[in-house]
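As written, the chains take the letters A, B, C and D, and residue 1 is the first residue of each chain.
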């Protein structure tokens, strides 16, 4: 007999789940931009699918990244995901032994111990094929159950798992989690009871536990065991039905997300289906809470990506929450699922401010741009730190560069602050305006002192000339021998600005530059792990005390070293740090400018 | 033989000078025209910027009034004579007091707000002075200022009688600003839902903690500040006051109804000071306050040997500054009496 | 409002007003605006109060309009003022009284300047002598004609036939007073009651039985301000000023506006018409407007003079509702008849302001 | 309506009692830091947009405080959100957010204002 009525909840649930997932996936693909859809063409022939599968194995099943951040949390996720996967895999192989078929009805391996009672296999028999599988299945069940124990502990001891605040559950979440937690205990009980009632057919755990149960509970017979098979099937069925409407949707969506990502489809600044896929993929592991400076420095622990994404998923987004984020990219850097948390924020901000108009018609009266080979664009903020543009002009003059200081007199904002506030369309007008003066100058290179400008120039302007941050350009000048430098070995700590380091991946150039002139000290969090200075324009609604706390915490990263100077490469970082720093804060460009030896006018000799 | 000093005026400056001189072993005579000591201090409730009770300061000053000080209350001076470096002060009742030195500590008067007729003090029902408000605070600690009034909006007018050539006072009384901010906070404490406006020209928060108090008034208490001098006030039929200012920060004239208008009255020289200065031939400044012989180096001496000045008869000063000045005066007097230097 | 406070101020600002023998100078514009007013003053003074008032037909403008529009320099103005004083001196008078508020302000300004800068007085004497051969003494007493009526207000009340009381209800008539800017805003001590709370008109209203209404924009200018009115494009500013006053007084439901300046009654009266035509807005009950009277007209009414003899037919806001309220008898038929019985014509009916009884 | 060749000009005076204060109350509720402005004007002096036009965030804030909201929308449209104002503010007022919240408030209270 290979069918029983109790398998129906499981079967129906599974069919329902598959239908919903297929529909959802089709919907996502339909709503994708044509560009994104094109990327998916012929996916099955593409080697990218293999890379995707590999990533799925490591991330969706093994949870490798999560392991690195929090082993306990990683184990919990792995035991569920990988354990369940192995149960299915081994179950299928085991069921083949008894049915002799490669393809069995899906319920068959799941409920195998109901249908098959093989008295020839002993519980500890591991060197025969059926014995090995029976032993393994029990072991795997224990593996999954150990994850369950951790999950239960996590509900009350969330801090052990890095979550400072337990997330709120919806009704469907509650139903799903109850079913999920019931699935494996029910399976265990059903298998134990069945093995106990028959006196054979169980594994090393199920058989022995079953025997004990049969002894303790003489009334036990096959009908009670049958009841547990029903419970088991119901738990599975209900879990499958509620899954698409609960947070467990992250299990299937993450798989899709990995596939799409491997085909180059990413969450941008504007809403798209991939945003929803990312949001659905969040497993609420909470590593974004630990890393967030708003939390660690200012004690603000209800705005982190996990909560923000949840509010989007529940359609309870409020602007106050969306706007309360540095958009520093630190959580994006550590997210095990690879969610683009910054763009998620910006796209949500965008949906709040889409209809708000800006009017820059007053810029129409500006004169035509001058011509030059190289454009130097200091950026708005650099005008508040005049030492930076002064250092730059000194350097450019010393190197004999033919340049145009585009915003020497007055500047049009680069547009990134506007984008960070979600005003994407509105920023375009500023971008067009600046583009006109940049391209109109005929320059081949654009150098900027501001990482905020640099990032938007690169990402949004679509310029066909070289765009460099001054750290890159200065290094180039030095390497070409155009800048004679004297070194003075002062110990300095280098701070990576968010938009330059994490945001644009410019990590080495400033370091190399610093090494040429000074003596950098090692700091705790650096490069992509560097903290945000707290001045971020991405944070829209923090009060000054909260910002101060963030700045002070960030400074601590550099202060307990024997550094004499704090070096950064961003006017905003410089100005923000200067408020609290006991060390002098300078830009790399200032460091370079100071290292240019003076030239004796008459003799042409270099003097110190 | 011990030397004697007569101190005229029993306010903060007079009391502190008397106490200090007495502690230095000098015989002190203190003459006060009123029935009790303390002067204006007795009318204030709490002092800026820390809002301590004025009574505490008075208690300290009173402790200095020991047996070594001969006190003449209700005493008005009819004449002062001088012979051979000795002063004889003749009281109206004929008593004669003599001394080796004379300290004038006759203080100031508050500007009579009636002189700013356009503000309607004494005419409109709900226009009061900052001094009246202090009196209210001192006597009715828990009472609501606006019993029976529906909406609660208070206007506080800075520079009433100060920086005003039209009433003859070109000078800044300098303490009205901080008083206004202090009183604004105190009103807010009594009435948390009141809307409070200060009408100012500049906020002269010159002393320690003053600026912080202004900041607190804005941040914590939500006091609003409108830069513009009150031009005129009118009474509405419901007895509220219509104020008109230029909101100089927007460049627009502004009118607003307030339920209570408080006039921050400034310092003016007292007629009694003028009368005594006349007897002694002391120098009066353009602002009509008395001038010491050297504002930087001899701030308590006069060109008249043996005659000294202490406190606010030289111009507006806070209580803290007055006490410092009184101590300086005491030292100056002692030096004169011991070494004969002025 | 604390009346004691006001009384204190009124006590502080009392001025000396001559008792008899007045040298009277007229206003340039009032004879056109409200021609009955000056006539009424002379009639009251001479016939009712039996005072000696002298007018010299060769007196001229004081030049105040020119002075305040920056056309006539001060030196010229003070010489013209000196000439008026010379006429007074020649006629043997010492008490100078003016019909016009701006004149009153200018005479006060000139005398005050001479007091502080005697060399200016010398200059004026020299200029006057060179130009006309005249010499002068400064007047002993300078008053505005409203000061004089104020001084005799109680006598007028005694002789009066009417009181400012609503005949039907017995309630006092609610009056807002409007003082000309040049009366005391320049020299508070020269006006009865000072600059902020002038008493000159209030005294009349109180003694004649009315109730004075204070309102927030009481001090605001009527908007005449020579420069505003003389340039047509600026008249919008003038009318806006008047409108500000009307809007402010409207909630108090005044039954009448009393004035003591040549320009104010003109503009407070005519602008009510202009505003009604431009914006459809009227201020009195049932679209009738608020009647505006000069103090001479009001004194005449109190004394029982015929309204049409007082020239009330040239008012734009109809006065009949007010007359009816007080119970002053008049013949509606005579309103547009001259003294000789001939027809003087009728103004076109306004669209919104109810001017003719049949419009109401 | 008749024309006499001149018009009745609207009073320039701010009528505080007649003005609608809902906007400032909304804005202040979300961004209380605007209370501590001392009207120094450094924000407007450094303003990127202010270099090209008469946009003044200081004046805009003052007018908002007085309930003068008629031209507010047009004014804030000139802002580039660069954030310099906030950086120079000696009192730490969150000026950039002020612009965003005014936008938001105008949208939310749109029907009533």
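Keep this in mind: a residue touches a chain if its C-beta (ideal position, glycine included) is under 8 Å from a C-beta of that chain, and two chains touch if they have at least 3 such contacts.
What you are looking at is a predicted structure, and each value in this text was computed from that prediction instead of being measured.
Spelling it out: a chain qualifies if it touches chain A and also touches chain B; which chains qualify?
Common neighbours, chain A/chain B: D.
What's the chain with its C-alpha centre farthest out from chain A?
C
Which one of the chains is closest to the middle, using the mean of its C-alpha atoms?
D
Cα centroid separation between chain A and chain D, in whole Å?
Distance between chain centres: 39 Å.
Could you state the distance in Å from the CA-based centre of chain B to that of chain C?
Spacing between the chain centres: roughly 46 Å.
If I count partner chains per residue in chain D, which residues reach a count of at least 2?
Residues 32 of chain D each touch two or more of the other chains.
Let me make sure I understand the interfaces: which chain pairs count as touching?
Once each pair is checked, the touching ones are A-D, B-C, B-D, C-D.
What residues on chain C touch chain B, complex-wise?
Of all residues in chain C, those touching chain B are 1-2, 4-6, 8-9, 194-197, 214-219, 251-252.
Spell out the part of chain D that touches chain A in their complex, as residue ranges.
Residues in contact with chain A: 30-33, 46, 48-49, 51-53, 74, 77-84, 87-88, 92, 94, 96-97, 100, 103-104, 107.
Within their complex, state which residues of chain C touch chain D.
Residue positions touching the partner: 232-237, 239-240, 243-244, 274-275, 277-280, 351.
Which part of chain A faces chain D closely enough to touch in the complex?
Residues in contact with chain D: 319-320, 323, 352-353, 355-360, 362-363, 365-366, 380-381, 383-384, 410-413, 417-418, 421, 423, 430, 535, 537, 540-544, 572, 575.
Flag every residue of chain D that touches chain B in the complex, lowest number first.
Result: residues 12-17, 32, 35-39, 58-59, 62-63, 65-66, 68, 91 of chain D touch chain B.
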